[in-house]
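Structures given as C-alpha cells follow.
Consider the two complexes below, in which chain A is the common component and chain B and chain C are the respective partners.
Presenting the complex of A and B:
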C-alpha cells in the first residue's frame, strides 16, 4: 500500500540556555493510508515533539534540524519539512489533511468561546462555506461523535461540559474537515477509565467510517494492544524498536521493549509478587549516556560495547527493526549468550 | 442580569449614606473649622474679628450646630434639591465649582486612557509573542524608565523643554488669549495643542505598567493548549493570537476598570498642580487643606459614587466577556 506519511531521519533540537536538547533524533517511520501507528514511550521520550514536528508546530526553542517529513496527497509528495512553518501551505494542510487531538480536553478549547464557534472556525477556514453551512456541518459531525443534543452543545462553553464530552467535541473538531491523518496525542490520558474506553471505541469506529490513518501517541501499552497496527517504541528521542503490534507483544526484541512489557501489571500474577519496573530512571536529556542510550538501565548490558557504540537500527525481520547491538552481526562474537535469555 | 443591576443600584443607597456620614465625620475631625482658618488668615493680614462677628458668621454658616444637625441639613439638601452647599472659600455653590472641573478631568483622563491603551496593547502583544527579542528588550527598558520617572518630574521636564526650546508655555489647557474666549475653531486647536502634554505625562507610567502586566498575562496564555489547538487547526498566527490568548489576557484589565474611574478624579493631583490644569485634583486638595467642608465633602461623595458605579460597570463587563463568571 502506498504511504500517507513518511518520516526520514528526523532530528528536532531545542536550543536551551543549558545546552541543546535533541528531543527527536534520527527517527524514521511510515504511516500507510488507513492504518494506525502507535508511538509508545515514557514521558519525555520525544513522542509529543515528534507529533508536533509533523504539523510543524514544534514550540520554540525547538527546531527541525535534520531529516524529512513527506506527506502524500493525490500521489504527490509534499515535503512538510521544507515548508515555511507559519506559511499558507502548511496551514492549508493543518486541520484539513492532518488534524490533531490533544491530551487535556478541558484546556484545548478556549474558555471564552463557545464549542460551536470553535468547530465552525475550523470548517470555515478550510472550506468555502458560509456560516449557516458550517453550523450544519458542525451539528452533523457532533452527532457522529455521539454528542447528546448537539444543537444545545454548540452554544455551550467548555467549562459547562465534562471531560469526556469535550474530548468528543475535540474529535469532532479534528474530523470536521475529514483529515487523512489524525494525530492523537494521549487523547485518553486525562479521562477516567470508562470514558477512556468509550473514546477509544469512538476513534476506532470513526477511523473505519472516515478511512483515515491515526498516529496514536501514548504511554499506555494496553491501549496500543487494542488499537494499533504498527508500533514505534521511543526512548530518549530515538525509535528503539519498530514492528507490528502482534510481534511487539509476542516477540519483543529490544531490551527496553521487553522491560516495558514486563512492567505491565499481570492479572494472573500471584499475590505478593512485586510489580516489575525498569531499573533506574530516564537520564537527563542534557547528559545523554554514551553509546546506547538505554545501556545504564539495560539488563542485557554488554560492557565494552553498549557503553561505547551507538547502535544502528537492525532489520530483524520484514518490518521489524530494533536499535540494539544484540542483533548486529558485527558484534555477535562479543555478546554473551546470556543476554538473550529473558 | 437586569435584576442583578437593579439590586446593585439599590445597594448604592445605603452604601452612599454610610460613606457620606463617614466623609462628613472625617472632614470635621481635625480641630477647628473653616471659620478658624478664615479668622487666622484675617489676623495675619492685620485685621481682627471681634467675638460678636465671629458668632454671627458661625451662625450664618451653621457651624455652631451639633454634628448631626449639620450633616442632616447637608445631606437632605443634596437629596431633595441637588444642592451640595456653598464653598466657604470660593463663596459660590459647590455644584457650580465641581461640574466644569469634573468635565475637564474626565476629558484628560479618557484621553490618557486611550493613549495608554493604543500604545500599550500592540507593544505588549509584540513583546510577548517575540519574547527576548531585541525590541522586547528595548520596550522593557523604555517601560521601566517610564515606570520609574515620577509623573510630575516628567511634566516639569516637558514644560522646561517647551519653554526653553520652543518658547511656549505648556501649562494649562489654553493659551492666555483663549482662556476666557468663547469656543471657536482656533480655541479648539489651541486646546488640542495643550492637551497632549497632560495626556502624555499621565499616560506614560500607565503605558509602561500596562505593557508589563499585559506581556506577563499574555505569556501565561500563549503556552496554553487551546492556543496550540488553534494553531493545529491551521489558523493564521496573528489571527489566532488576537482571537484566543489576547482575548483571555484582557479579563484582568476589565476588572481593573473599577479603579480607573475614581482614579480619574482623585489621581494626578500633583501633575495637575504642576501643569496648572483646571481639574478636580488641585481643587480637592485645597478644599481639604482649608477645611472647606462642603466642597471637600461633595468631592469625596462624588468619588465614592464613581467607585461604586465603576465597580458595577466592570462587574457587568466581566460577566459579558467571561462566560465562566456567573452572577449568582
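Presenting the complex of A and C:
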C-alpha cells in the first residue's frame, strides 16, 4: 500500500517562561491509505500535540522546530511543515483532505449556531455548492452516521443533544468532505462504555465505506487492541515502541509497553491478585530524566547505561522498533540477562 | 460466603429533584435521580456501585453523607452493638458524630484539595475538628498517615500543587483515613488518573482494606476496576438498582440484560478477539421523563408488552443474587456477555 502521510523526525517545542519544553521530539512514522494507526500514551506524552502538528494547529507558544510531514495527494508529496500555518494551502487541506474529531464534542461546536448550519459551513467552505445543496449533503451525512431524524436535528443547538449524539454530529462534520485521513483525538474518552461501543463501531464501518485512513489517538489500550492496525507507543514526547497491533499485545518489547499492559485491570482475569503497577509518576516535562526517559520507573533499569545514554530506535524485527538499550548490540555485554525476564 | 454483619443499610431511598419553571418557581416535574434504591453494605465489605453517567450513583453517595436530604427512604448506620440510626431522617446538627464514621475519596485529585493548605493542614483538619489530638501528637499522626499511603512525612509542609495526580489522590486517601472511619465512599477514585498510576492507587486501596478492614462503597463506571476490588456489585440504571450479586457471579452469569450489555461493551484486551459489538442502541433514558414499566425497555432486545406496562420488582434468582427484570433467570444472556468468535 502506498503511504498517505509520512512524519519524519518531527520536533515540536513550546517556549515557556520556565524554559523550553519539547512536547514531541524526533518522532517518525507513516500512515498508509485506509490504514488505522493508533498513537497511545499517557497524559503529557505529546500525542495530541503531534496530531495538531499535522494540521498545523499547534497552540502557541508551540512551534514545529524540526522535521517533515509529507502528505501524498495524487502521487505528489505536499510538505505540510513548509506551508504557511494560516495560508490558503493548508486551509484547503484542513477539513477536506485531513479532518479531525476531538474528545469534547461540547467544546468543538459553537453553542450559538445550529448543528445544521455548522456542518453546512464546512461543506460550503470546501466545495463550490449553494446552501440548498449543502443542506442536502448535511442531511445525507447525518443519516450515514446513524443520527435519528436528521431533518429535525439540523435545527437543534449543541446543548440540546446528548454526548453520544454530538459525537455523531462531529463525525458527520469531519466526514462531510470525504477526508483521506481522519485524526481522532480520544473520540470516546468522554463517553460511557455503551456509547463508546456505538461510536467505535460507527467509525469502523465508515472507514470501510469511505476508504479513509484513521490516526487514532488514545490512552486506552483496550480500544487500541480492538481498533488499530499499527500502534506507536509514546512516552514523554518520544515513540518508544512501534509495531503492528498483534505483536504489540503478544510480544511487547519495550519495558514501558510491557508494564502498561500488565497494569490494566481486566474482568475475570486474576481476580484477587495484585495488579503490577509502574513505580513513580510521569516526570515533569521541564525536568526530563537524563539518558532514557523511562529509566527512573523501569524495572529493567541498567545502572551506568540507562541513566547516561539516550537509547536509539532499534529495529528488532521487520516493522517492529523499540527505543531501548536492551536490544542494542552495542550494549549487549553491559545488560544482564535478568533484565529480559519479566 | 456468609453474610457479614450489616454496617449500612439503605432502604427504599428516593432522591427527587424538583424542576422549577417560570417566575413563580412552580414545580413542573421531578428528576428522579434515585428512585427506590435498597442496598446493604456489610462490616468490612467492599461493595461496588456501577452504572453510566447520570444513573444516580453519585447521588446515592451524597445522600449517605447527607450532602442532600433524601426525599424518602432510610439510611441505617449500625454501631458496633448493632444499634441503628437513620441518617436520612435525623436533623442536620445531629449528623456530626456520624460524619466521622463515613468518609469520602473523590474523583478529581485537583479540585478536591484546597491549594492554600499544606498537607499537614489538609490531613490534620478532620482530627482538629473532632478534637482528637493537637500539636506534636497531631503531627505524628499526620506523618503516620502519610507513610501508610506511601508518601514521605517530610513533605508535610508542602502544598498540593507540588504533587502529581497520583500523589494527590494518596493525600485525599490519607485525609479520609484520618478519623479511622468505618465506611469509605470512593467516588470514581481512579478514573481521573493515568493508566500507569491507576494500578498503584487500586493496590493501595486494597492493601488498606485488607489491613484495617474498612468497608468501601466503591462507585465506578469501569467494570474491570470494580471486578478487581469489589466483593459484591450493584448495577444502577436511571435511578434504580437493576441487579446485585457477588462480583464473580455478576460477570459470569448476569441475569439482567443491562448488566450483560455493560459487560460486553468493555473492549477486550486482545487484538485477535475483535468484534466491536454494539450491545445497546440509543441513549440512557431521561430521569425527568422515565419510560413506563421497566425503565430499560426501550433499549432492551428482549422487551415484550409486559415490560412496557409493568414495573418489574427485584427478584431473587439465586442466593445473594437479585435482578429487577420480569424475565430474570429465564433469558439466555450468554451470547451477550461472552466474547463471540473473532471476525
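The criterion applied here is as follows: the second predicted complex is superposed on the first by the 338 of 342 C-alpha atoms of A that agree within 3 Å, B and C clash if a C-alpha of one lies under 4 Å from a C-alpha of the other, contacts with A are read in each partner's own complex, and residues count from 1 in each chain.
Definition applied: a residue touches a chain if its C-beta (ideal position, glycine included) is under 8 Å from a C-beta of that chain, and two chains touch if they have at least 3 such contacts.
From a predicted model like this one, the values you see are computed outputs, not experimental measurements.
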Task: Combined model on chain A where chain B meets chain C, clash or fit - done: fit
TODO: Using the superposition on chain A described above, determine whether A:165 touches chain B (first), chain C (second), both, or neither.
DONE: second
TODO: Could you look at A:94 and tell me whether it touches chain B, chain C, both or neither (first, second, both, neither)?
DONE: first
- [ ] Considering only the touch criterion stated at the top, classify A:143 as touching first (chain B), second (chain C), both, or neither.
- [x] neither
Task: Per-residue touch tally on chain A - higher for chain B or for chain C - done: C
- [ ] Applying the touch criterion given at the start, work out whether A:68 contacts chain B, chain C, both or neither, answering first, second, both or neither.
- [x] neither
- [ ] Look at A:57 in the shared chain and tell me whether it touches chain B only, chain C only, both, or neither; answer first, second, both or neither.
- [x] first
- [ ] Give one of first, second, both or neither to describe whether A:275 is in contact with chain B, with chain C, with both, or with none.
- [x] second
Open item on the list: Once both structures are overlaid on their shared chain, how near does any Cα of chain B get to a Cα of chain C? Whole angstrom is fine.
Closed with: 5
Task: Touch list for chain A against partner chain B, complex - done: 55, 57, 59, 86, 91-96, 99-100, 102-104, 107-114, 121-122, 125-126, 157, 159, 170, 173
Open item on the list: Per the contact definition, I'd like the list of chain B residues that touch chain A in the complex.
Closed with: 223-226, 228-237, 243-244, 247-248, 251, 321-324
Task: Touch list for chain A against partner chain C, complex - done: 42-43, 162, 164-165, 192-198, 200-201, 204, 219-223, 225-228, 245-246, 248-249, 259-261, 263-268, 271, 274-279, 281-282, 297
TODO: Using the touch rule from the top, collect the residues of chain C that touch chain A in their complex.
DONE: 52-53, 164-167, 194-200, 202-203, 206, 221-225, 227-228, 247-248, 251-252, 261-263, 265-272, 274-281, 283-284
